[in-house]
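What follows is a pair of complexes built around chain A, which joins chain B in one and chain C in the other.
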Partner chain A sequence: MSADVELDHLTIRFGDFTAVRDAHLKINGGEFFSFLGPSGCGKTTILRAISGFNDPTEGAVRIGGRDMLGIGPNKRQTALIFQNLALFPLMTVAENIAFGLEVRGVNKLNRRDKAMQLLDLIALKGQGDKLVSELSGGQRQRVAIARALAVEPQVLLLDEPLSALDLKLRQHMRTELREIQQRVGITFIYITHDQGEALTMSDRIAVMSAGRIQQVGDGSTIYDHPETAFVASFVGENNPLQGKVLSCDQEFAVLDCGIARMRARNPGGLEAGDEAYVFIRPENLKLSTKGDTAASADTPENSFTAPVVSEAFEGAVRLISIQGPSRKPIIASIPNTGEAQPFTPGLLLNVCFSADQAVALPLGDLADE
Partner chain B sequence: MSDFLIIFSAVLLALLLQPLVRKNAGNIWSSVSAVNFVRRNGAFLSLYLILAVVAWVVFMIILPQLYMVDFSFRHNLPLAEIGGPKDVHTVKNYQYLIFGRETDEEFLNWLHLTVFLKTMLASIFVTLLDLALCYPIAYYMAQVAKGGKARLLILALIVPFWVNEILRAFAFRILFGTGGVINSFLIYLGIWDEPFDFLRADVGLYAGLSYAYILLMIFPIFNAIESLDHNQIEAARDLGAPWWRIHWRVVIPHAKPGIASACTMVFMLSAGALAAPQILGGPSSLWFTQVIYQWFNTGGNWPQGSAYAFVLLIACIAFVMTVMKIFKVSLGEITK
Partner chain C sequence: MTSRTIMRLMVGFYILLFFGYLFGPLIMMGITAFNATSFPQVTPWEGFTTAWFVQLLEDDQMTDGLINSLWIGLGVVCLSVPIGLAAALMMTQIYERVRPYYYMVVVSPVLTPGVILGISTLVFWDRMGTAVNAEYESLFYNGMWLTIVGQSTFISAYCMLVFLARLARFDRTQEEAALDLGASHVQVFWKIMVPFLRPAIFSAAVLAFLTSFENYNTTVFTIQAESTLTTVLAGKVRMGTQPDLSALAVIIIAITLTGAILHEFLKQKERLKQIRQEKAAKEADQELAETMGL
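Let's turn to the complex of A and B:
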């Protein structure tokens, strides 16, 4: 059984501080939904409001169509997995898993059965009598999931549960979590500041900043069609170039960005005279040395010449910093083909890009580096 | 010095030193740490620290207590006969507590045994009452109250204890006396017409004792609960636990060592209290410490007094150890 979760113009304030502003969205039953944002953006507050630890200041939280106001965390059909897992250190693994059942008055024998069953599911068969402290990080992670699943919740809430694990294990747990979600078929609401986690696991993602939901959509929409400057700069790498809109036609806008005129998609309806950002992803920049005519832009606007500042080697890609109009360099990434052709600082490059791969968006907060 | 005393003190010393000796045998680490201790503090400071601690423990604690133990096994002799032929060891002081004088009609010394048992039971009662009062306060301070509020509460708990014990005890007399504040107020409200003698009913005594040790109960429990990750409480709640089960399964097991050390202290101190029972006890109530005090003071019988005092001490230790065993708390845990 899964339930949908609806945030109806949810606002949460702590004293003068507004943690969540007017969040309004619906999470469908059985969906893997992520809230993605930097720390302090209000995503944990939303999660705690759904689980019942925070009350809405305005608006409402509805689970399965029912307003949750006045219903405590212990009475909701949700289970929360804490960032630090919060397993009970004085209980055995099996007791941890069966705690929710113990609370519900299930007798000892049935509790034991259910715990065994779940231990099987998380591949910890026969380890029920161990203490939590005897398990490894990944095993504890799975115990926390089993403990939450034991109460058969309609919605599982996960508060950055992978952040304490090392990289390899984290990547492994991503697929495992996704598999578990598909097997049990309940709604998963996942909180993370790690866009890799959000993009790989989620059906849909809500990107948050400063208490506001910036954009809701599936991974490729968020990545390819950002709607705000924050989303464009937070999800993936992006080069923001500030400029003034000179003219627009149906789909595109042309901006004067100082170093060049730039033509970019205009989804936000910018008009001539507006100040705006043009975002170009590093992988969409084409570089060529002066005199080399191999690369050229599809429009005369999206091309400029600038010197190399530095180069960084990242294994699969090489990141080249190019002098931009502001103090911050423009970053271009090119695949590492093994044929080393060094970009020495000072080397003049022709830089160009396709107007389809650039997007012009109204000014707004950018994600901090 | 008689043979008995030599054997007795040798056995006692052996018992005291036995764990130390056992620990050191084959335990190279401790000797290394001893060297480290010297290296870290320098020869002079190390020597001073060792001598100071040894002198403190031996001269201020062990020797006087041993002297009292020896005393409790002697006759109460006039000064002239001390060291004389009559000055031999005896168990009659301990015998007296249990059987009384041989000329008594009763087989057992019911008068003193009753006082002894009553003291133990009353101390248990005071301890449990304190625990019931202080656990919620400690929990509130440790997990619920935020920063400033918790500090204010701690201050409000500590400042009243600047008032000294005697003054506080007499203030409780004024509070609970027949013409006291509580009676006057209740009569004014019309709850009853005749003043109720709280002091005769020992209400004043229990209230006074409970209040006297409230800090010793709160702070160890507060420390223990404060170290509990708040997420654990929320996790239990999220899994559907009502408040009482959260305490029963999560908070209390975590705070058990703190609760044990607090209860131990409060129990020991209330069993050994003198001023509060003296001032607040009703006419019928006699605390065992008062009996001891009488032997030393008015009775002038120090051997008898020290025998009684040691019975109280050993009974208290035995009781505490038993309770700790039942609740599976080790002595090492409560020092944490």
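Let's turn to the complex of A and C:
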């Protein structure tokens, strides 16, 4: 069984400090939902409010339609996987997994059966009698998941569970987690500051910044149609160009960005006179050297001329830094074909991009690198 | 002779002096316990004897005192360990701002002279007894009980310090994880907290027992008509020492040494176990990496 989780204008304060500000969203039953945001933005606080360790200052948390106010963490149909796992070091693996059943008064035989079954699920068959300290990081990870699943929760909450693992293992665990979720079919609420994790695993993502939920949507929506400057700059690489809106037609706006006039999508309804950012992703910039007529044949709407600052080689792609209007250079990435000549610093480039791939958004905090 | 050898000689001499200072008296006393002279002395050696041990066992005053000391020690353990544990747990629950004041209050008995604790215990229970018109045979005037209570006032503070040190290393998320899995607060206490504190409970009990066993300052006031080993010894020494005291010292030293060696042995075993576990974890890591083909 899986339950939906509803945050109803949830605000959580610690003294004067507001950790979560007016979070309002609904997570569907059986969904893999992620909260994505930089460190300290209030992700853990939201998760602890759902599991019952933090009380809402304002608003409510509803699980399966029921208001959770006054219901303690031990009475909720949720299970939390802690950032540090919090496995019990004095118990064996099987005892850890069966702990939730033990405190519910399930008898020893049934506990053992269930533990065996879960050990199978997490591919740790026959290792039930080991101590937690005898397991590797990835194995501990899976024991924590099994321990949480043993109580058959309707909602599983995961607080950056992969952050302690090394890169290879992390990627392996991503697919494993997603598989487990599909097998057990319960609601997963996943917290991470790693956008790769969020994008690969989730049905939907909520991007957070400084206690506020910035945008909720599936991976491609978040990536291709950001609604705020923060989301545009936090998810994936993006070049912000600040400017003033000159005119708007239905879907597009024209901005004066200093180096040139730019035409970009205008999803937020900017009006003439507004200050705004134009965001353009590095992979969408097309570069050509002056006089190279082949590239400018398809004449995209936006183009400007600027000198190369430097070039970085990244294997599959080449990252070219171009002098922009602000101190921070504009980054363009082009596939490495292995034959093109290098871009020497100072070389004047013709930079262009289509209006469809650029988006104009109201000024707001940018994610710092 | 080079300056290096001089240096070495001096260090050696210092070490000799140091250990001589530490253990000289104990060794001396140990020898006197086996000398046949009727006064504790090493020379002249009048022959090896175990008669002083026999005399010690036959000394009713001494054995009575010893038995009382053991009972009082047990009583103090039973009273101080729970009180100390409760005080330490309290410390983790109250507001951060009042903690220093709370700490000051509960630790103050440790800093109070034992004599004062003894007298005040005596006076307090006497007044209380008078107030409720208690009989003379009642608990209010019972030397054993008063000694247990009097010693516990400061020994429970020692126990609290032991528990606080252990609790400082407690990971609160353990408690939260247990709650999250459906445990009640009582279950969290018995299934998570107590197992975690077990080594500290053991240390606190040993500390409480030993402190009680060797206490004199408080006991001498609260014990009244009864006696403990320390009060009997003090009384005897006042009349001049006999080799049977040396015999007692030998026994105590032997027990202490055995305890220390046993403790070290167990610790070593624990260490080996830990090393084994770490090795197993590393192997598991490797195995995992191999099966995943990394």
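Everything below uses one rule, namely that the second predicted complex is superposed on the first by the 363 of 369 C-alpha atoms of A that agree within 3 Å, B and C clash if a C-alpha of one lies under 4 Å from a C-alpha of the other, contacts with A are read in each partner's own complex, and residues count from 1 in each chain.
By definition in this document, a residue touches a chain if its C-beta (ideal position, glycine included) is under 8 Å from a C-beta of that chain, and two chains touch if they have at least 3 such contacts.
Keep in mind it's a predicted model, so treat the numbers as computed, not measured.
Superposition of the two structures on chain A shows chain C clashing with chain B. Greater residue coverage of chain A by touch, when chain B is weighed against chain C, goes to C. Contact with neither chain B nor chain C is seen for A:Arg174 once the two complexes are overlaid on the shared chain. When the two complexes are overlaid on their common chain A, residue A:His225 makes contact with neither chain B nor chain C. In the superposition on chain A, contact of A:Thr78 is made with both chain B and chain C.
In the overlay built on the shared chain, the residue A:Arg21 is in contact with neither chain B nor chain C. Comparing which residues of chain A touch chain B with which touch chain C, the overlap comprises 51-53, 72-75, 78-80, 82, 84, 86-88, 90, 99-100, 102-104, 147-148, 151. On the side of chain A, the complex with chain B involves touching residues 51-53, 72-75, 78-80, 82-84, 86-88, 90-91, 99-100, 102-104, 147-148, 151. Residues of chain B touching chain A in their complex: 229, 231-232, 234-242, 245, 249-250, 253-254. Within the complex formed with chain A, the residues of chain C that make contact are 171, 173-174, 176-184, 187, 191-192, 195-196, 274, 277-278, 280-282, 284-285, 288-289, 292, 294. Per the touch definition, chain A reaches chain C in the complex via residues 51-53, 72-75, 78-80, 82, 84, 86-88, 90, 99-100, 102-104, 130-131, 133-139, 147-148, 151, 168-169, 172.
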